[in-house]
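Here is the structure we will look at.
Letters A, B, C and D mark the chains in the order given here, with residues in each chain numbered from 1 onward.
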Amino acid sequence: MNIHEYQAKERFRAAGIPVPPGEVARTPDEAESIARGFGGTVVVKAQVHSGGRGKAGGVKLAKTPEEAREHAARILGMQIKGLTVERVLVTPAEDITSEAYVGVLVDRKSQAPTFMVSAEGGVDIEEVAATHPEAIRRLAVDPRYGLLPHQALWLANSLYDDPAVMKRAAKAIGQLYRAFVDSGASMAEINPLITTADGEVKAIDAKMSIDDNELFRRPEVAAMRDTSAEPPSETKAREASLSYVKLDGSVGCCVNGAGLAMATMDLVKFYGGEPANFLDIGGSSNPEKVVAALEIITSDPNVKVILFNIFGGITRCDDVANGIVEATRRIDIKVPIVIRLTGTNEEQALEILERAGFSAFTSMDEVVEKAVALSKA
Amino acid sequence: MNIHEYQAKERFRAAGIPVPPGEVARTPDEAESIARGFGGTVVVKAQVHSGGRGKAGGVKLAKTPEEAREHAARILGMQIKGLTVERVLVTPAEDITSEAYVGVLVDRKSQAPTFMVSAEGGVDIEEVAATHPEAIRRLAVDPRYGLLPHQALWLANSLYDDPAVMKRAAKAIGQLYRAFVDSGASMAEINPLITTADGEVKAIDAKMSIDDNELFRRPEVAAMRDTSAEPPSETKAREASLSYVKLDGSVGCCVNGAGLAMATMDLVKFYGGEPANFLDIGGSSNPEKVVAALEIITSDPNVKVILFNIFGGITRCDDVANGIVEATRRIDIKVPIVIRLTGTNEEQALEILERAGFSAFTSMDEVVEKAVALSKA
Amino acid sequence: MAIFIDNDTRLVVQGITGRDGSFHTRQMMEYGTRVVAGVTPGKGGQRFEGPAGESVPIFDTMDEAVTETGANCSVIYVPPAFAADAILEAADAGVDLVVAITEGIPVLDMARAHAFARDRGVRVLGPNCPGVISPGKSKVGILPAQIVTEGPVGVVSRSGTLTYEAVFQLTHVGIGQTTCVGIGGDPLIGTNFVDCLAAFEADAETGAVVMIGEIGGTDEQEAAAYVQSHLTKPVVGFVAGQTAPPGRRMGHAGAIISGSAGTAEEKIRAFEENGIAVAKRPVDIVGLIQDALA
Amino acid sequence: MAIFIDNDTRLVVQGITGRDGSFHTRQMMEYGTRVVAGVTPGKGGQRFEGPAGESVPIFDTMDEAVTETGANCSVIYVPPAFAADAILEAADAGVDLVVAITEGIPVLDMARAHAFARDRGVRVLGPNCPGVISPGKSKVGILPAQIVTEGPVGVVSRSGTLTYEAVFQLTHVGIGQTTCVGIGGDPLIGTNFVDCLAAFEADAETGAVVMIGEIGGTDEQEAAAYVQSHLTKPVVGFVAGQTAPPGRRMGHAGAIISGSAGTAEEKIRAFEENGIAVAKRPVDIVGLIQDALA
């Protein structure tokens, strides 16, 4: 789960990291009044779950409250990478002496939270990693000990020469690790961590992703979810315990298992079609889940055909077939449905489906070709 | 640092352990009014830093508030193993179905916090360990992981058959570990952990020792120190950063280094005397420390002679000699002082001391014999 | 022969009395897995009834289960909040292999659990995996037994149903398997492709390997390099997720393209560059394996 | 020969610019210890001036210090709040031996630090110890150099000044030492009696060993059993604290009799039962060693 900059900053502040003040506005009026409260130059920043806000014009400097209002008016409602900006963060502009990058994420290879820091902040760390990796210092944190004070200092040591600044940054790095662990995060990032003329360090941007699997035990973090920042269909899918990702194509896919679901989408593409979504209904033959899946898929106006691809392993195909039949009875589907089932009790399942008037297949390739054809009809 | 039962119970409660209510009384009146508040039978328990309260008559059952008052009157002011009872804890009597022992301490061999639990609670665990060690289940906690839930359950599993009780006890054991770590304890103990007729578990006694080295970072724990529970001389020694333990003999000892201080006491005994104290002044030749040491030793009316035993290593003997001379000028000492110095700059030191009129030796045995003789004069 | 599990596998089921645990325990017993014990705290002393009238003792703790029955392998069907601790308990109790089926374990819990298991030299398979089956010998996990048959192909995969698909098609044309391993869809897994490739290379009965990857991470790239440098046996590969958008989690917690790393294209290229025959469609796996075994 | 440190010891001083650190660094340099680096965060790039005009580079981190100078040993003079982390930093940086002088480190910090060092195979001496000196070769810590001389006796002790006392008396009668080790007065120490006894047994130049124990714990008992089963060289023992009351801490955090364990009587009995000649008074150590070497 991604959270907004302003939310990540709240978590960072609570962990003690020096974060400049800032308030969230949902209207140009609010932005103006916040800017007036701060006085002086402010920054108006779009709050969306997406990188590249700056390039998209979502971050603007405002010298006066009126200017803040104008920027907010332009930014609110703007689309950035398909996401609508609903809020802006208004925060005093800082006098920046240097910009560094400090981030921590769960690294697959070291199987541990891993820090990356670089004196080249304010830019995309991926780019730094690609063009001059020697500018990045890395450290895998042994999760049994946490980030040790000397390790934080070792990281800060690569960013700053001034001992006082180095120690302040080490402290902030330690606090970032604290925030990361206490939030159940999979990634937390300060980019840039700035220094000011008087040697203070401050986090002027903040990013954090939460491990969805941590949410059950962190209700205060789960409450940070912003459903307005995702398509309503994904909210609905999550509530129905379905894995769903909306895409731009016309072949609605409903598959059991994530790997098979991806392979199905790939095969749609292989045969010249475009998948409308990723959807994993899991191992269940529960009609309720099938109903929810069908409702989600059909709510996408681009969908021209619905493709089921079910592998019956532990799940019996006849159970799933009954679930599909019942679900389609309960909701009115306007687009054709093609179904492939194979595995346990395949024959009975095909019979059930054909009796109910569905095109039923046992070959994955055949059913995908058929779906692609229908999507272009 | 030892803390009282009622203080340990506060820590346990804060960690979530089920601890029955209880209030502290400093007078019989208070005890009566607390007992009235609870209603029913209460227990009146002496609060002293010592085991064996029960045998000493420091724990009494009271059926009525008046009886509570009477018991409190008897217990308050009582001496238990040389310590005066200043407070009693008044707590409702519990209906006890079973008594178990649950304790955790830092174990030298495993270099880890180590749990001991036994279904034979309410008695001295040392005795259980000596007579039937198989009745104790032990577990060393890897400090990097803490007490894991399954480990707590494994411990509880040896205490109870009833699954619900077992799970409640496992929870309490986990909470005890939390309290132990969060208090910077070196030992924490529930003895007994009782069960009631309805299957609840409760900690009806509580003991905890704090690692002195943790106090600097735990002011809320340090504030629990009860200086009324130790001789004033030990309070004073601690404030002067001296290691001091009061004993019953007549030879006051002032030594640099803990090992040498113990060896000096042993030698006093070897030559037929009795040490009045353990006192390590550390490596310092600072007159202030010597003054504090002399004040502490001379405040003990049993002291008949003061014995200095100083090994000059890094510390120079002449510096220490000067410190002793200056300190004795500043306070008036009524008992003889004998001094042994050896090591670096020994000759100069002996000269300084003899000029100031002290008996000065270089042999440890000689000086101790002399001190013992003086203590009997 | 086979890898990881065989006729000597003595299994204890953690969470044996739960809905999934009891269902799959019966399935495993039916297949012939030697299930020697179950663990459910608070149910120690009871017995679990198998499908054919046989019964298995239930213990409160793994320690007792292993001590009493000599179990050397455990499988975990406990809810995510308790699963990491169950892995630690199994590792502590001294089994050699822990198969963690549970999906949804917090990743920081797993970071600690993997460190713990590494310290003790215990192999963890998963979590969030379908388990492992050595046809004709033993099955540990949730893989459907009816789709496998004995034969010369080793199968290793990050996904469940996609593996079933491939294995089913192999079995359908009469090509059997030595062992099929689902390594799991989480970002931090205990046994990776390289571990399985090394085991298949060392297994005399395995003649060829099918390796099924997906987007996310760079395990496939490292596996490809390992194939080039260490494997004498032919490997057929498939990678799911060519149409997955970057930055979105595709069901599996580990199936997400972060930055430029972890795309299907990168993985397919790594496979091809290191001598792995890549199937464009799942159905092509069969033909490539037939060629490899020919 | 000698144990733990010798002419090949290349020392880095953690906390070199502090009051104790700078004083003892000069003492060590004067004795001839090869001090190759110092560490004080924030003072990297400066130099530490030795007593004879030579100077030593200071680094911000142990990692740099070890990488730049090839140090293989570190000594710690940092305050208790930071000392456990300093031990971890040293262990992480790859030295073989960490000598922790600092007194007053919380015991739970040390439990973690010892586990960390064990994982990495790094020897920790102490904490709360005076260090180690191999006369004529190297000194690491705070032992007074003028009381030692080269010779055949290995000395190991839990206490500082009591050791000085014994060593001074040996030197006084012309009996020198291979190495004198202060293992420290804390309850959790990295190197114990048995470790030192094993090293002295393996050291060709050591002809006899003095072992000075005190109340608290059962390390002396285990050491006595080890002497019986593993040592061919004679051992002379002394135990301080016969007059110490139970349950009271005698200066050292580890010097406390808990329950029935850890009394001086128990330790002396264990010494005697295992063939260790026990000195009744510190002064008797000399005679017993003379007998042992005769």
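The rule we apply is simple: a residue touches a chain if its C-beta (ideal position, glycine included) is under 8 Å from a C-beta of that chain, and two chains touch if they have at least 3 such contacts.
Every value quoted in this text rests on a predicted model; they were computed, and no experiment measured them.
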State which chains count as neighbours of chain A and simultaneously of chain B. C, D
Which chain has its C-alpha centroid farthest away from the centroid of chain C? B
Counting only Cα atoms for the centres, state how far chain B is from chain D in Å. 28
Could you give the separation in Å between the centres of chain A and chain D, each centre being the mean of its C-alpha atoms? 55
From the mean C-alpha coordinate of chain C to that of chain D, what's the distance rounded to whole Å? 50
At which residue positions does chain A touch at least two other chains? 144-145
Mark out which residues of chain D touch at least two other chains, giving numbers and ranges. 112
Which of line, ring, star, complete and other names the graph you get from chains that touch? other
Just spell out which pairs of chains touch, all of them. A-B, A-C, A-D, B-C, B-D
Would you pull the chain A residues touching chain C in the complex into a rising list? 106, 108-109, 111-113, 126, 130, 142-144, 181, 184, 186, 211-214, 216-217, 243, 245, 247, 255-263, 265-270, 275, 278, 280, 311-314, 342-344, 363-365
Which residues, counting only chain A, touch chain D once they are in their complex? 145, 148-151, 153-154, 157, 163-164, 166-167
Going by the contact rule set out above, which residues of chain D touch chain B in the complex? 24, 27, 80-81, 104-108, 110-112, 114-115, 142-144, 146-147, 157-165, 168, 185, 187-188, 212, 214-215, 217-219, 238, 240-245, 248-255, 259-260, 264, 280-283
Residue numbers on chain B that touch chain A, as the complex places them: 144-145
Residues of chain C that touch chain B when the two form their complex: 41-44, 60-63, 82, 85-86, 88-89, 92, 112, 116
